[in-house]
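Next come two complexes built around chain A: one with chain B, the other with chain C.
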Partner chain A sequence: METITKTSLKDKLIGQYELTKPSFVGDAAIREMAINAFVKQGLPGRKHEEYKYLNFELILKGDYSFSHSHSLAAQQIQSLYLLKDAYVAVFVNGQFNSNLSKLNDLPKGLIICSLPEAFEKHKTIVEQHYAKHADVNADNFIALNTALASDGCFVHVSKGAIIEKPIHLLYISSATENLILNSRNLVVVEENAQVKIVESFEVKDLTSKVVTNASSEIVVMPNAIVDHYKVQNESEQSILINTTQVYQEKQSVFSTVNFTLNGGVVRNNLNIVLGGEYIESHLNGLYLTKNNQQVDNHTLVDHRMPNCNSNELYKGIIDDKSVATFNGKIYVRKDAQKTNAFQSNKNILLSDDGTINTKPQLEIYADDVKCSHGTSTGKLDEDQVFYLRARGLSETSAKKLLMHAFASEVVSTVKIDELRDYLEAEISARFE
Partner chain B sequence: MGNEILEEHINSDYKYGFVTDIEADNAPKGLNEDIIRFISKKKNEPEWMLEYRLKAFAYWKTLEEPNWAHVSYTKPNFQDIIYYSAPKPKKELKSLDEVDPELLKTFEKLGISLEEQKRLSGVESKIAVDAVIDSVSVKTTFKETLSEKGIIFCSFSEAVQEHPDLVKKYMGTVVPHTDNFYAALNAAVFSDGSFCYIPKGVRCPMELSTYFRINASGTGQFERTLLIADEGSYVSYLEGCTAPMRDENQLHAAVVEIVAHKNAEVKYSTVQNWYPGDKDGKGGIFNFVTKRGICLEDNSKISWTQVETGSAVTWKYPSVILKGDNSIGEFYSVAVTNNYQQADTGTKMMHLGKNTRSTIISKGISAGFSNNSYRGLVRIAKGASNARNFSQCDSLLMGDKCGAHTFPYIEIKDKSAIVEHEATTSKIGEDQIFYCNQRGIDTEKAIGLIVNGYCKEVLNQLPMEFAVEAQKLLAVSLEGSVG
Partner chain C sequence: MLSIKNLHASIDGKEILRGINLEVKAGEVHAIMGPNGSGKSTLSSVLAGREEYEVTAGEVIFNGKELLELSPEDRAREGVFLAFQYPIEIPGVSNINFLKTALNEIRAYRGLGPIEAKDFLKLVKEKQALVELQGSLANRSVNEGFSGGEKKRNEIFQMAMLEPKLAILDETDSGLDIDALRIVANGVNKLKSPDNATIVITHYQRLLDYIVPDFVHVLYKGQIVKSGTKELALELEEKGYDFIKEEVGA
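Entry: the complex of A and B
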């Protein structure tokens, strides 16, 4: 009798864990817990409520390698350094690359290094926060990432330090074979510190299917201010699962803007825990989809303490056969009185074959709160098009102008001029 | 001060808790093929009906009880339920005098006596009551008036006997037995319900109404309602219910199907005030209902209005499939939860035809330790051009131990669709109460006033007779729940 044994991707991932186990740095117990959680959860399929519109069992089908090799040189990636004047940490296929990075003259109070290095040199701080906020039992990909991540970035801003120049974390995928990459970041911003961080996901000379499972934990201590930006501009072959777990302490301000410009499948899990009083959180997002792309934004704002504000705005323009999903959840716990939480999702559907799924959720257990959410979906307003055409604009330029205006509500929240100009140029190019 | 009033209310007993002693003809406890054959035989059903039941039962056995809703409760033991209980058959009744006096007393206590209804019949507002006690329809009034117009309004089992073609044609077309766990169970064991057929071009001259009542102890009630509005007809259907006090949980898994043909309009209103359990969350009705209507042909309209104040656990999503072009679906809901009540309710609007429109207005009010969720789906299928949806779901919280949740699902596959969803959560403002106090309205009344104002959009949709009842119900349900 002949038997055919086929290893499933799940088994393969678990096998990879066993294989690389000896070379891991950091806390083995955490990894062990994470792999156990992953064994239990597996990859999310269609039945998984949180992954209802993205069947990862199907999307991830294929054979993958875990290699990190590449042949990129600095001159090839000049255009990917979005900001002229910034501290840049470059990761190629998930591995920190010091040759491509620009981390020479870091100011006082700022540490940027690779995660293995951090585990060596800054053990106490790292161990205090690493994997403490992203719960391995809460999400399949957090579990997988915690179990397998071998590299990533550690950013530490010490007490009272105000970092003027932005920090740019640049992730580049460059491969000729199918890859699964797990990278992991930890950002700790201490009391009264201020920092701006830009994360961008790019590809260079990519000819294969690359799955990036990137997780970041961002800890914002009391009175700290963090501006966080994400630019996702990969190729249609790439799959990006991007988890951002934020923990905020009292009176801190965290703002994040997420731009999805290109990518085959993009899944963003943004979870913010408001763990103190008088916190402000701003979540904004813009996604422009075309062809067969699938973009799925999940956000969770967890109001645990009283007197906090959160404000969320996600906008999307959907074209061709692409699918865009927004699932925003606001969770207001019993003690979180005097919470103000607002959420809005607006979409424009340009094509007959596109799909928009939106699910703005409120779960509220406190009574003295003001929470609202709204969502609207439609085509471009014909009255507005008419108004512009009556003033001599052609139909296409009128529509372009309106889409630009629609997008600019999100783009205008970017506080780094250089980045905003870049995004505006990218978006304009899209509407050409 | 708020606490005193709250406590007073919490300690008040369920007003409608009493048991009528009518000799019931019970089936043995449990669920198996024999029980289903027993029910079918008892009701003298034709073979095709039994087959349908068995088919549904076979399918049900393959299913697992769903647990995605935002509620938690002890799952009913399906083998510990009596699936059939009927008052002993009496001779055909012609006047109210012949109705069991016990039964009449029950209705009197509920304040909806048949006598009053009959007296009303001489006046303008006419309500035909198909009184349902336990699972069998006992008395149908106004049948003659209705039959003059060609309207069929009778119990479901009667319809199976007398109008098998219609039942066979429509039953299970809107809610198939494969739809969900409870729909499958209902299809297998349904005891009785109402059947209504409005012929072509007829505007039903009166509001049709069914009063449900769960009676004998340990009886599950599995109602099945089928409502068909033929071309160009109009009907307004009311459904209201109260149930006696019980310690053990009772299961109610009803199915309502509505079919609207070309140019037809159906308005379905519900006031639900089943026993919600006592202040510790003990007892109360499990209300797991599948309600769905289909706008089968062009220009049809289905409108759901519900006021939900009772039941320990409610699971209910009255839906509309907008298949015909230019069809309209509406959903107006007020859901009140107090003490340990849990409600997960909302609607589904499936836009398939062109130029279809739907409106969703949902008002949730939670007090005590209760949880109140809105869960809704708006789906615009590809090709459903110019579909339009507007949804608004507001929640009002009273007290800091309750929860209000919104889970709207919106799926759009057509670019010409315009879909809007809005939701807010808030509490009654102290300034609002202060304003009323200042004008000599005490806090209790002020809350009633504010809540009624908050729900006005929905209450306005109810027929007159119900609107009054509903307003009272809201006031009673929320007495003193000052946050």
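Entry: the complex of A and C
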């Protein structure tokens, strides 16, 4: 008699944990806690409130491996470097690749290395912050990532250091078999330091389904200034779950801009905790979706202390049958008086079959605050199109000009010229 | 240059234009006046190619071409310019960028290459002066945050840049104070040549003190019910539109 045993993906992931446990670096107790949290939560299904527009039980169906070594040469990935003059850490299928990285001549006050190396050489700092902010009980994928992540990047900027050149963390998926990858970054920016960090997600010669569950914890200490960018430009076979967990201390400034240019399924969880007074947080995002893509941005701005400002603008252009979701939560806690928190989500729907789900959520427990939110969704403004055509522009170039203008409100917030030029070009090409 | 014959047009099934006939020759200025709801703005919208209007009968020949067969952009490229009654604000699109794109698309249509950057800048400077438009306005987003007067001046600035053969000014005087009106009229007058023509659509006679028409037509219930010279405009101003209504026996 034949028995069919079917192992669920959840069980397989738990099995992978048991299998690789002996080789893990870092704190075993944290991982144990994380896997227990994952056992409890599993993968989010359709009934999960935070994932109701992305049914990951369905999206993740399939058989996966957990690592894949693939050799890439520097000249194959020239176009992915994005910035000519930057400190670059390259990860291929989640594994740090020192040959492709450009980390020579790091300036004083800057550490960039792989996570295993960091656990070895910078144990004290790492253990002080690692998994202290991304809560394994708060999210399925944080739990999974914390349990399984074996590699990633550690960035440390010492007190008072000003890092002029941007840091680029480049993740490349390049595989011929289905993969689930868990990568984990820890960025610690000490008091009064300044740094610019770009995370980009790209593919090269990818012929299979790759699921990247990438998490970053970013700690911004008092008076530090961090400019953070994410460029998500994978393929339609790619699935990216990308968590950015930020903890800000007093008088710090954290700005992040998230660009989703391509990808099959992209889920961003951006959580910012404002843990001190006089903090500034800027969250911007632009997503361009087409075909059957699904892009879901969940943001959480947690105002815990008084006198802080947060400003959020997410914009999307949705085409074909793609689905875009924006869910922006703002908490203003009881002690967070004199908070200014603003949020806006604007979408342009180019097709009749596209879908936009937009949900602002404000929870305010303080009484002396200024908060606002707004959303708008519409087609391109016909009056604007006609006005441009009446001046001689073709319908196509009129629409292109308007979409470009719509996107430029977000693109113009990019402070790295070279990155902004790259994005301008990518976006223009999209509207050809 | 422009020949409108028996033009009928409707919107949402409601007939607004009921047989317009109009001949405009190069070098002429025509004024079209009429009470509210007579079809003045519908006429300009139909000529510019707004898609929500349905032309149910008639034809419009512009320099030998069937104007109504052309897309809005091709009408512009053939040399028709509509100065909007309510110019549209377009945040994020710079005035200059947009005009450069427009000018180059018009040039391409006429088989010309793109304009040289320095020639373009020279042109901008020259035409800005014509409508006393500040340089900073030209560099801002199209009409965004402009005052009413600035928007109208920007329309005439665009007209000056694109050098149309036929300019249709749709209630360009509405919302303009007398100083802005003079500036706008002055700009239009300077652009006048024996080769181009202007149709001025207005409710009031005042604009016609500054842009002196060769012919004045009165539009009422979708038809031109009376035509004459500039004296007709003065008569209308004096007697009001009621006398037209009585004359046509409405």
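Everything that follows uses one rule, which is that the second predicted complex is superposed on the first by the 429 of 432 C-alpha atoms of A that agree within 3 Å, B and C clash if a C-alpha of one lies under 4 Å from a C-alpha of the other, contacts with A are read in each partner's own complex, and residues count from 1 in each chain.
Just so we're on the same page, contacts are C-beta pairs under 8 Å (C-beta built on N, C-alpha and C of every residue); 3 or more make two chains touch, one makes a residue touch a chain.
This one's a predicted model, so the numbers in the text were calculated from it and none came from an experiment.
Asker: Check whether A:401 is in contact with chain B, with chain C, with both or with neither, and answer first, second, both or neither.
Answerer: After superposition on chain A, A:401 lies in contact with chain C alone.
Asker: Contacts for A:353 in the overlay, against chain B (first) and chain C (second): which applies, first, second, both or neither?
Answerer: first
Asker: Given the touch rule stated above, what does A:366 touch, chain B (first), chain C (second), both, or neither?
Answerer: first
Asker: Under the stated touch criterion, which partner chain does A:391 make contact with: chain B (first), chain C (second), both, or neither?
Answerer: second
Asker: Please tell me which partner, chain B or chain C, touches more residues of chain A.
Answerer: Tallying touched residues of chain A, the top partner is B.
Asker: Identify the partner contact of A:378: answer first if only chain B is touched, second if only chain C is, both if each is, neither if none is.
Answerer: first
Asker: For the complex, which residues does chain A have touching chain C?
Answerer: 381, 383-384, 386-395, 397-398, 401-402, 404-406, 408-409
Asker: Enumerate the contact residues on chain C facing chain A in the complex.
Answerer: Chain C reaches chain A through residues 48-51, 71-73, 75-77, 81-82, 84, 87-88, 90-93, 97-99, 101-103, 105-106, 109, 141-142, 158, 162.
Asker: Which bits of chain B are touching chain A when the two form their complex?
Answerer: That would be residues 68, 70, 382, 395, 397-427, 483 of chain B.
Asker: If we count contacts the way the header does, which residues on chain A are in touch with chain B in the complex?
Answerer: Listed in rising order, the residues of chain A that touch chain B are 49, 334, 337, 347, 349-379.
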